[in-house]
Structures are given as structure tokens and as C-alpha cells.
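Structures are listed in the sections that come next.
Both of the next two complexes hold subunit A, though its partner changes from subunit B to subunit C.
Our next item is the complex of A and B:
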């Protein structure tokens, strides 16, 4: 409705907007949201904003402390590592590996998992059960362990890690989407739409799906934090992204032997990882709290 | 002349499953037959759990009968063909809030039926939705509202709008007036009576209230434990009830009133 009225008009927000208002009312959630948004922007812009390439070595500036240290230089804001590479550039470039790839794996898992889950939720009986429990075997093994098994077979490489993590995340999506669909499917408004003569596809995408978006958003945030931690852990163990690449977990592992000599080489990538995962978790948690709040109020 | 609606021995059984074993069969509705003429109003009364709502759902197509057939204008209705059915039979649900999709605006929900059952373009659909909204006493502004912004009475009106938007021949209402307070209930019943006069709709409704039934219904069907125990014109059932239960259901209001009267006097 174009807001042409010049008089005061009380307008109640739409359900999704209500959810957003709940989240914005929570200061922690907003801080987490801005941190996460900032990290995302830096990730996208990392080739432009990072001062050097991630592999440029400055042989006369090996183990330079960060700029705020007495011996630091403003040229290397976060200092340099034992090979003289600029740490700021490496952390920025690393965000592509440590946030971009998990994001890709999560989205892939979400697309596959939601389609199977929705299919299972719309069908009945044995078909529904089969689809729902299709990948349950994967749930019995912890994600990291399963990734290790897959890497043991296929060899340590980034794409193998991606395959492993995507596979592990899919069953969680299937379960949550299937359950949400199952709950909504027999509600009266769905029956009413069915009696309107809607096609199954319309019922699935327009009637039921908008009512479970909050569940999907929540599941995506949790899956994302799992994916980030798993890729970093595999990198740390030397099984994921291989050494010259500036992945945060790999950087942590490399700097482990010099932690007393140059603590910043360890603290800074660790801090980046910590902030990313924390902001995603807080965001996911507040989305869940907002959903519960809305359910309680309605 | 063929009747508008003929119901032939429809029944409904539920299977109560316990694990893998085939479970007990629970009978919600025993085979029942009746018929309805054009423009008539049928009231279904009975105790809780007597199968009233089951009949309503079966006729509207929200549920599939275990056996039996429903004929409309001498044509058999396929229980799975919603599109065939929704042009002629529409349902008003008991809980108006829950029967509206919380994520869609009223206008979108109303045009949903038009989208799938007419080949009108968007402008025609919108036009018709606005007309229907004004018919049930809502404003064009309500087109853009979400269900939670409306009061219960307004939601009920939206549900009625959804029922009449395809200009059906039969409307089935499953205790649609229970949640409303008396003044709004009266308004909505008058609204339905007006619509019935204008559009010649037959109306089947499930109700507890003998007052409304007496006021509105042409025929009454009394249910008890899944069985039809009496079916006849309102006149006949009020003056000459054959069963004790019929008398109790139809006269409970009188008893209540008498009781209230005595207590207020004391």
C-alpha cells in the first residue's frame, strides 16, 4: 500500500518484520550482527583492501611486532610472521578460506537438505521415513571424525574437506525442515489453501515455506558455525587447506612453535576465528529467542 | 428435480496405530445419507465428539470419507479433486485465526482461490477481491493487512469472504460462530443470511446454539456417537421431537434461561 496518507497511521509490521524488530531490540544480537556484517564485507573486499598479497615476503622485516608495539611499524599493522609476510593481509585473505568456503558448504548443504526435507515433509508413510532417515548414518559420527575418514580416503585437500563438511551438514537440514513441514502440514490454513485448489508446488513454496523460514535461518547459522570450526580444525591438523594458503587454522598451527617468541602470529588469526564464530552463534541464538518470543506472544 | 446435494452412506473410520501392529479401528461416523435442496440451510447438532465436524469436513473435502459418495447436481464428487469441489462447496473453519496463513496478506490469500480457479488477470482478481471484501463489510484497506492485525470478528469476515469469493452453491461452516461475542455473532449471521438471499447459497453449519439453529436453519440433523438419530425440518423437530436428546439439545437454551431467571430472582 503506498503510504499516501498524511494523517497518523498505525501500521503493524508483517511477521518477518516483527522478527527483525525483536532481534534489533537485543543489543548483543545487534553487535553480533554488525561484527558479522563487517567480517562479510571485509571478506568480499579482501583482494582490494589488503595492503599486500598474502605471499609477499619482506626479508628485512621478519617477525615484526604489530603497529601498537614499541618496535612496530604502521606499514605492517598486524606485524609480520616468521617468513616476513604481512599478517593483516594474511588474515584478510584467510577470511575467504575460513568464512567463504564454509559459507559455500553451508549453502550447498542447505539447498540439498531443504529440498530432501521438504520432499519428505510433503510425502507420507514409508516414503517420508525413508527420505527423512536417508543420511542418518552420517549423524552417528561426529562431523570432524567423518571429515577425517573422508580425507584419509581421498587425501588432504580443500575440496575433499568441502565434500566432507557438506555431507555432514545435510542430515541436520533434512531433519529440521522435515519436522517443521510435518508440524505445519496439518494446520488449518494449509487445509484451507488445499481447499482453494492450490497445486502442491504452490502449497510447498508459497503457503508452508514462508512459515518455516525462521527455522531454516536458525539452522543455517548453526551449520555455518560448525562448518567454520571444522575447516579451521582440519587446517590446524594439517589435513585441510595446505600450508602456504592463509587459512586461519593453518596459520594457528604454523605459529604454534613460536608462540612465546611472537605471540601475535597466533593471537590475531585466533581472534579473527573467535569473533566470527561468536558473532554467528550469538546471531543464531537471538534468532531462536526471537522466534520463541513470537510464538509465545501469538 | 435432482437435489443440490446428495450424501450417500458416507462414513469415516480412523485407524489407531500402536507401533507396527495394525491398530484398532475407531468409528467417527457411521454410514449416513441425507440430501439438501438449493437455498436451504441445514444445521447439524449434537454433543461433543458425535461426528458433527467430521460430516462438515467430509462434505467440504478437507477429509476423505472411508466409504460412500457425495453427489452434487447429480454428479459424483471425487474426494481428491479439490479444484472441482472448491467451485461449488466452500468451508468456513472453526478457528478463523488458525485457518488464515500468518505470512500472507488478506488480499493475497483471497486471490489464491481466484488464481487457481479462474483465468482472470491480476487486475480482475484484485477487483473481485475488493468487491468481496466490501460484501462482507470490510474495507479495501484490509487487502494489505496481515491476519494478526485484525480482530476475531474481522478474521471471521475474511474467512466468509474466502468462502464466498468463488460464488459457490454450498458453504459449510464448522462451528464458525463459537468464538465470537453475541453482537458480532448476530452481525455475521445476518451477513450470511443476506448473502444467502442475494446469491442463493445453500448453507450447512455445525452449531451448539439452539437459538441460532432455530433462527437460521430449515432442516436439522441431530448426531449422537457417530450416528444420525434424527433428520427433519426445524418445525417438525421443535414441535415434535422423537428423541430425548433432540429435545434436550433444542430446548437447552430454554432450560438455561429458566434457570438463570430463577437465580436472578433469588
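Our next item is the complex of A and C:
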């Protein structure tokens, strides 16, 4: 039945809302969204829901297999590691290091990178082209190598890893936001607003920015998965979060010594890492598909 | 093309210059004495240290020091390792060969398997096999490489025993170290048991190569598939169909060459990804390459080694990126115009 309302008005959903509609239409993206939301909730509640603290040692239960194994105990659902620490608790506590800190670094990098990128996108001429060339070069060097260099200068520690990852992510944000601004800058609606006498600030925040939010969201998912993998990789190499902290990469590095005797110490942290990154990547992929569809339709 | 190449080359040289400036600055940012960080001479009262002060211009201004640094860099005098007191440049050569061998083989495998799979997935679009390939590629893309390596070692090396756990070759085969690339060294050596050594080296090699190639391979599958789908919708494909050309001829002469353009453009990026993973993979597989060398030097605070590792890895990545861009511009002239336009 056609819409009978006299005052019917066709409303174009905002870019962010379009993105959401696209994600809800895709079952895989929805599953990924729920998994990611679940992991986030577990991370926030990790001090409450984990059965033990991450450093409690049970010296009678060293290298206990998971509960479904013949020698397992239901107390230690996923078994214990070589110091008798409960693996499930460690993985839950580790989510703060392996998801919380990357999230923080990504948001920090996003704020800085988007501001610089927006400023660069509005400027033109030599300034803009030099920046673009420099960024192209900087981006061709892998983020992990850059982070390694920064760690080599500052020394391995948690706060230095945070500084390194944030610094490494900023150029990516500048690049994508700069390009997005560049493409929008000369479109008709922007020119119209300019002719209406909007100030530069209004143009930036109210006219252009809402139209590039989907690019920003995609870049955030991309940066988040990079940040998680890089922090875990640095932890794995022993150059990131230091040993007693239950960071997933550090746990994997520790399990390397006894993986042949007790493979379960390796499976759970790796699986947590894999699920987190996979859900973020699936979400990012569907955001990218949504952007492509929007470009094709316009 | 000449103008474009010149532009790229000048940009490349400027980049290398910036890189050298950065590496030079690293010596001052690292803790400790800059000259010790540069040369690896620990005893500051020794005669060698005094000589280095003279040779590298450390008694005059910073500009002289930079000139001295570049002179020594170009002459291949990269100082001694702080940990082992051996010449860094001499150490570098075999390590570089080993890394290059691993990286090139992995890239070749990724191309060899990734492109056909991508083409196949695109031709079967939305078919069951397409979904399987795309699903697998997205999940493989999300597996952290260090976990993947561990799983593969556990499965193939420990459970099945198809390959040794780590290392480059069984030390029983006394292969003389020349280029560092193990297959090449065996080929060049004149030993009676060459075939056996070759098989042993391959058994050590295939697992790290597989681990390394999976990530670029999955990305190549996705890029290739999307590019194929784009090209399939173009009018010139319809025109070719209308002219009654055979399907295979359309595929090999019209679709694939055009679909390869985005793939070529992305090759540089894929190489960067590969080099990131190679650092970690070499540590896990105990491969005597640049990556494990660099990581070890960071543990040991071995600054001369560290800067050499960073310099070589970064320049290798930059060089490959420039070469890929040149290849891309040479093979696809329409790109050149795009890049000449100011952006």
C-alpha cells in the first residue's frame, strides 16, 4: 500500500544510518557485530566475571588440561598454565590489554589524525601535495617496523607501546581523511553552502564531515585490527607488554615453550585474538561494501 | 614514461635521503654515546675510538658528522656489533640472502595460488565455492601470523612429522655460507651429497613459506576477485561476446590482463605486509634472516645492528614499492596521466 500520509516526506537516511541499515541487512555482519559487542561487554566486566584473579597460582594444579579432558577439572574450565594460573581468567583479564588498550590508541590516533587530515584536506597547493607524497612513503613502511623502531628508542614497556602504536596509526588517519575531504571539497553541495556564506568551521564540521563518517568508521575498524595485531605481535616478541600481565600475545609467547606438551595453553589466547580480529574485519568489510554501494548509487 | 620515471626516481632518492637522516638521528636518540652507537666501539679511551672521532668528524659540527656518517655508510663501514664485535656489513650479507629467499618464495607462492583462486571465485560469483573461498580468505586474513605459525608447527611438525620444527638446514650438511640463500648455496657447493641436502633444505623451507604466503595470498584472492567482477561488467567485454569470441579467448585476452591492473598496484603493499610477517616468522622458525637479527638486536640493545636492520628492511620495502609503481605505470599507460594530474 502506498503511503497515504499527506505530509509524507521522503527522508534520505544519514550516511551513518545507511551504514547501519547495510550492516543489519547482512547476517554475517550482524553475527560479527554481536560477537564484537559480546567481547566488549566481557572486557568491561572482566574483573567481575572471571573466576580467579589473573595472577593467582594453584601450585597443586600446574598444567591442568581443560575440563573435558579425562584429567581436567570443572574448576579450571580451560585448564591452567605452567605456573598454575587459570587460563580462562587470564584471557578475560587480558582483554583489557589486548582490546582495551588498542581501542584507546585507535581513538587517540583518530582524534589527532582526523584533525590534521581535515586541516590538510581544506588546504591546497604545494602544502597538500607535499604532505600526500610524504604520507605515501610513510605508509609503505609496515606499521610493525615503525613501532619496533619507536620501541627500540623508548624501550619496551606498556606505555611506550601505546605511544608507538598511536604514532604509527596517525598517518593512516591523516591519509584517508585527507583524501575523503579532497573528494568532497568541490562537490556541488559544498559549493552551495560556501555561496550561502557558511564559515569555514561550519563547512568543515556540519557540511562535509557528516558525509565522510562512513570513511572514518571504515578507517577506525581497519586501525583497530592493526592496533590489536601489532600490540599482540610486540607482546609476542617480548617487546611490548611485559610478562606477568595477561596480554594475549605475551601469553602466546610463553606457551611457545610447552606447546608440545600442553597445546591448550596456546589455543585459548590465540582463539580470543582471532575471534576479535575476525569480527572487526568482517564489520570493516561490510562497511567497505556499503560505501561502494553508495558510490555506485549516487 | 621517461618523465614519470624520473619523477619517481627523484622521489625515491629524496626518500632514501630522509631515511638516512632518520637513521643518523637515531644514534642521538638512542641512549648512550652517539659515536659508540654508530661504530660499536665501547671503550671511549681507546685509540680506535679516537680514530673514529677523527674519521667521522665528531670533533666538529653536526653537519660534518652527517657527512662522515654518509661517507662510511656508502663505503660499507657500518661499524661493529656491540654484542659480538663483528663487522655489521659482513654479517648482513648472508642474512639478507636468507630473508630474500623466504620472502620471494612466499610471494611467488601467493601469486601462483592466489590469482587463479581469485579468478575462479569471480567466475563462480555467489556460487558455493566462491563463498567458501571468500569466507576462508577473510578468516585467514584475521589470523595473527604468530598463532598460525604455532598451529602449523604443532600440526605438521609435531603431530605429523612432515617437517622439522625450526631452522634452515640440518647442521650435519656442512654447507658453506655464501649468499645466505640456502637453496642457492647448495646449488653452488660441490659436495657429493647435494641432492640429499637439497631435500633437507626444502623440508625446512616449505612450512615458513606457507605460513608467510597465506596472508598476501588471501588479500590477492580478494583483490583479484573484485577486479574481475569490475571488468566483467564493462562494455568491451559485452562487445567481445557479441563479436562471438570464444569464452577462453575473452578470459585470457580481454578480462585477465585488465583485471590484473589493481593487482599490480597492490603488489607493493602486499610485499610490505609480507615483510612485517617475515620479522615474526623468522623469530618463530629460528630462520637466520634480517628479521630475527633485528629483533635480537633490540633485546640486546645492539644499536649498530639495529640501525643496519632498520635501514636495510626499510630501503628494501621502498625499493620494491618504487619498482612496482614503475612496472604499473609502464604496463598501464592510463595510470600515468592520472598521476601527473595534481593531487
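Criterion: the second predicted complex is superposed on the first by the 270 of 298 C-alpha atoms of A that agree within 3 Å, B and C clash if a C-alpha of one lies under 4 Å from a C-alpha of the other, contacts with A are read in each partner's own complex, and residues count from 1 in each chain.
One rule holds for everything that comes next: a residue touches a chain if its C-beta (ideal position, glycine included) is under 8 Å from a C-beta of that chain, and two chains touch if they have at least 3 such contacts.
These figures come from a predicted structure and were not determined experimentally.
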For A:15, using the defined touch cut-off, is the partner it touches subunit B, subunit C, both, or neither? Pick first, second, both or neither.
first
Once the structures are superposed on A, label A:100 by its partner contacts, choosing first (subunit B), second (subunit C), both or neither.
neither
Tell me which partner A:260 touches in the superposition: subunit B (first), subunit C (second), both or neither.
second
Figure out whether A:132 sits in contact with subunit B (first) or subunit C (second), or with both, or with neither.
second
In the superposed arrangement, does A:239 touch subunit B (first), subunit C (second), both or neither?
second
Touch check for A:144: first (subunit B), second (subunit C), both, or neither?
second
By residue count, is subunit A touched more by subunit B or by subunit C?
C
Between subunit B (first) and subunit C (second), which, if any, makes contact with A:191: first, second, both or neither?
first
In the complex, the residues of subunit A that touch subunit B are 1, 12, 14-16, 187-189, 191-199, 202, 206-207, 210-211, 298
Parts of subunit B lying in touch with subunit A, wherever the complex brings them together:
60-62, 82-83, 85-86, 90-91, 93, 95, 98-104, 112-113, 116-117, 141, 143-144, 146, 148-149, 162
For the complex, give me every residue of subunit C touching subunit A.
11, 15, 18, 26, 29-30, 138-139, 141-147, 150-151, 153-154, 158, 268-269, 272-273, 275-276, 279-280, 283-284, 294-295, 298-299, 306, 310, 313-314, 317-318, 321, 342-343
Can you check the complex and tell me which residues of subunit A touch subunit C?
129, 132-133, 137, 140-145, 148-149, 151-153, 156, 182, 225, 229, 232-233, 236-239, 249, 252-253, 255-256, 259-260, 263, 266, 270, 273-274, 277-278, 280-282, 285
